[in-house]
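One structure, as structure tokens, below. Some questions next.
Order of writing sets the labels: A, B and C. Residues in every chain begin at 1.
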Amino acid sequence: MSALPILESIDLVKNFGALSVTDKVSLSVFFGELHALIGPNGAGKSTLINLITGELEVNSGSIYFEQKLINSFSVASRSRLGISRAYQVPQLFPSMTVADHLIMAEIAASGSGFKMWAKRANLNNLGHVQQNILDQVGLIHMASKPTALLAHGQKRQLELAICLASGAKLLILDEPLAGLGPAESAQMIKLLHSLKCSYGILLVEHDMEAVFSLADRISVLVNGSIIATGSPELIKSDPIVKSAYLGDELESH
Amino acid sequence: MMLHNIMNSAANKSNRLTIAFGIIFILAILIPLLDQVYYTKLVSRILVFAIAAVSLDLIVGFVGRVSLGHAAFFGIGVYSAGVSAHFGVTQIWVVIPTAILVSAVIGCFIGSISLRTSGLYFIFITLAFSQMIFFIAQGLRMFGGDDGFTLPAATKWIDGFDLSQPKILAYTMIVILVFIVYIAHRLMNSNFGLIILASRDNSRKVNSMGLRPYPYQLTLFTISASMCALGGVGFANLNEYVSPASISWIQSGEFLFMVILGSAGTLLGPILGAAAFVCLEQIFSAWTEYWMFYLGIILILRVLFLKTGLLGLFQNRGSH
Amino acid sequence: MDITIGLFIEQIFNGLQLGMILFLMAVGVTLTFGVMNLINLAHGSMLMVGAFLIAFTTSQIKSFGLAIFLAMILVFLLSWVIEKVLVKQLYQKSHLDQVLASFGLSIVFNDAVIMIWGKDPLFINLPTWLEGPVQITADFSYPLYRLVITAVAIAAGIVLWFLLTKTRLGMQIRAGAEKREMIGALGVNINFLFTSVFAMSALLAALAGIMLGPMLSVQTGMGDPLLILSLAVVVIGGIGSLKGALYAALLVGLVDTLGRMLWPNMLGPLVGNIISNAAIYILMALVIAIRPTGLLGRKMG
């Protein structure tokens, strides 16, 4: 892991009216690291993600990507810098096929959107990179299918595949395991393990077993503030964390 | 099984579409050869409206917004032909680029503002802009104001071959229609087209993937405006008249009607819709002077009962 | 054209009067959109129908007042039927479908009035007690009828205000107009609410038509320019806001009327006339571009 973080947020604040939803949050992610963000529902995890990706504007605080201040960057610009997000509810294109989604990702990544005359890539001449990614997530056999035919788990896989096809450096994954059965979960966890060396990953998850197995560091978000950051062992044994969040959850594991 | 139905219906729809277009194309070529002025002009009327409807479909079906102001661009084409002729310019090699250029500039301006809105506001703002253009045309006293003026001279290819001759007009319009359908087809099958479709489906995701839909939509809007203007040039020559009526919101509504009648988002569908519209127009007006009444009823029925346009009529078996 | 004080004052009166008429139209638009999420391009047809019906009833009945009453009843019945048969199906449909269906309805009405009453414009004779000028000051007089119209529109506004603030139905309508999601929670009879709102908006438009009838020539399509102007009013005032509709209507009425007097003076006849006609739409486009929620409207979902 390099010395400087790929993503760093310093004292981020977001208020909705009188309510402080994000309360001086400082967080960093290194390339090659998987940093998990956990916390009870309503803690402000989604808001924090939206602040990082740019869908929400911060009230105060700074966000740095590769040491560049990105507060004023739009969602699209941040994505072009190398931030890629997998939404909690997969955001797909209903009228397009699975392959089209990756072709779209490639067009976005290569900036070739204004090619208006040449026929675009399709299923039959899908690039190697895209084919490999579909293989990686286990969707290669569904490449020609329209999104309407995908099962929930497969939509998740596609959502992740789009991130992988975008040439990103930082992945922000919002509950990629939610709603997956045991077999699919195991598959996804295996995949996430394999991604660690190629990306910096910010993972929001509720599945504690997966979190403890995958994470290099864990941050615990409660009521808009980070109450603890550290290695999984540290977090597991932290009394504050136990009482605020983990408590019984840990006992049952 | 569901997969089978969906794949079938998509292929079926596309096939039926191509067949329908093929039939219309052949008829459009053959009918003028019969040397019946009425029918040849009817073909031209269908083609002129088809050009406008296809251009509107790019916005309604592909960008996914309802423009109630496309008559403005149609009218720019009409006035391009008329005003040029007024100043003695009738060569088609000049009139057409003029229409394209003026409508592109105005279309780009209107689009740059309108595309910042969506839904209802997009409907309202495109309506507002076309009203402004309507009033500008109406205010041009030297060009007949509200009454308009007779086209001084037909747009011509070369001396002796001009658009006042029904056959020449019809074949010119066929060429233009095929031209714009081809361009639209290539656009929609390129990288650019995928971005347009993706933006229609989920613009939030497009942004999250690193692209802003706006520049692409604006480009397409400008192209759509220019295409619509070409229809206007044909219209001016067909009626041998130039008037603000071609810019009214009623005209914009009729274009929308044609797009929906034929199925939005299919490029060839609106051609079918334009043909159906003109045929209904002719049938009803031959039968009664209150043809708008019956056309209106058809439109209401279409909205209430038919899900997917005329092509839906020919679909059966489970798919919808 | 010389602009005298007298002319100026007369145009202000005219502007306020136009504003009140636009207000009657705009209320209907903003309520149907606010409560039912319905865009209705046949709203202008209601104005036209009102005008034709008053022409009809005054030709059949001696008493002007009774004629008005009868015309309103007929409009009420007509709007009831339209809502039950057609409009009801549109609530769940897309805006495009609503635009097309209501557009279709408006061209049906435009021809229907020709089918019934012929192509020639109709003229309505005012009873003598409504004719003639009123002397406001020594050198300024204003047509009595125009004053009456303004007064009636203001009265209608007051009745509306009373209805909306003091009755249960009214409060449901206001709640629904501002926050449509609340309607379900209010435990309201939705069908009755929607039909009432539609009928009310039709009545207001018809009232505008009834009052304008004697002033304009009653002919097909007469309501359409006012429909589009009322769309501009609603956009400027903010969709869903009744106060916005009032302020914007008065603003538009004044700007339009005074503009027609001033622009040609300032910019010459050609440009001046064009700007006179286009001014409100320019304002509408500016509002949408800069402040889409209008003066007082709520954010659009």
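The criterion applied here is as follows: a contact is a pair of C-beta atoms (placed from the backbone, for glycine too) under 8 Å apart; a residue touches a chain by one contact, two chains touch by 3 or more.
Since we're looking at a predicted model, the values are computed, not measured.
Following the contact convention of this document, B is the list of chains adjacent to both subunit A and subunit C.
Chain centre most remote from that of subunit C: A (centre = mean of CA atoms). When C-beta pairs in contact are tallied for every pair of chains, the largest tally goes to B-C.
When chain centres are taken as C-alpha averages, the shortest distance to the whole-protein C-alpha average belongs to B. Averaged Cα coordinates give subunit A a centre that lies 52 Å from the centre of subunit C. One simple way to say how far apart two chains are is to compare their mean CA positions; for subunit B and subunit C this gives 32 Å.
Subunit A and subunit B have Cα centroids lying 44 Å from one another. Of all the residues in subunit C, the ones that touch subunit B in their complex are 33, 39, 41, 86, 89-90, 93, 95-97, 99-101, 103-108, 110-112, 114-115, 224, 228, 231-232, 235, 239, 270, 273-274, 277-278, 281-282, 284-285, 288-289, 292, 300.
Of all residues in subunit B, those touching subunit C in their complex are 60, 66, 68, 113, 116-117, 119-121, 123-125, 127-129, 131-132, 135-136, 138-141, 249-250, 253, 256-257, 260, 290-293, 295-300, 302-304. Contact residues of subunit B toward subunit A in the complex are 2-3, 6, 186-187, 189-195, 197-198, 200-202, 204-212, 216, 219. Those residues of subunit A that touch subunit B in the shared complex are 53, 55, 74-77, 79-80, 84-85, 87, 91-96, 100, 103-105, 107-109, 112-120, 145-146, 148-149, 162, 166.
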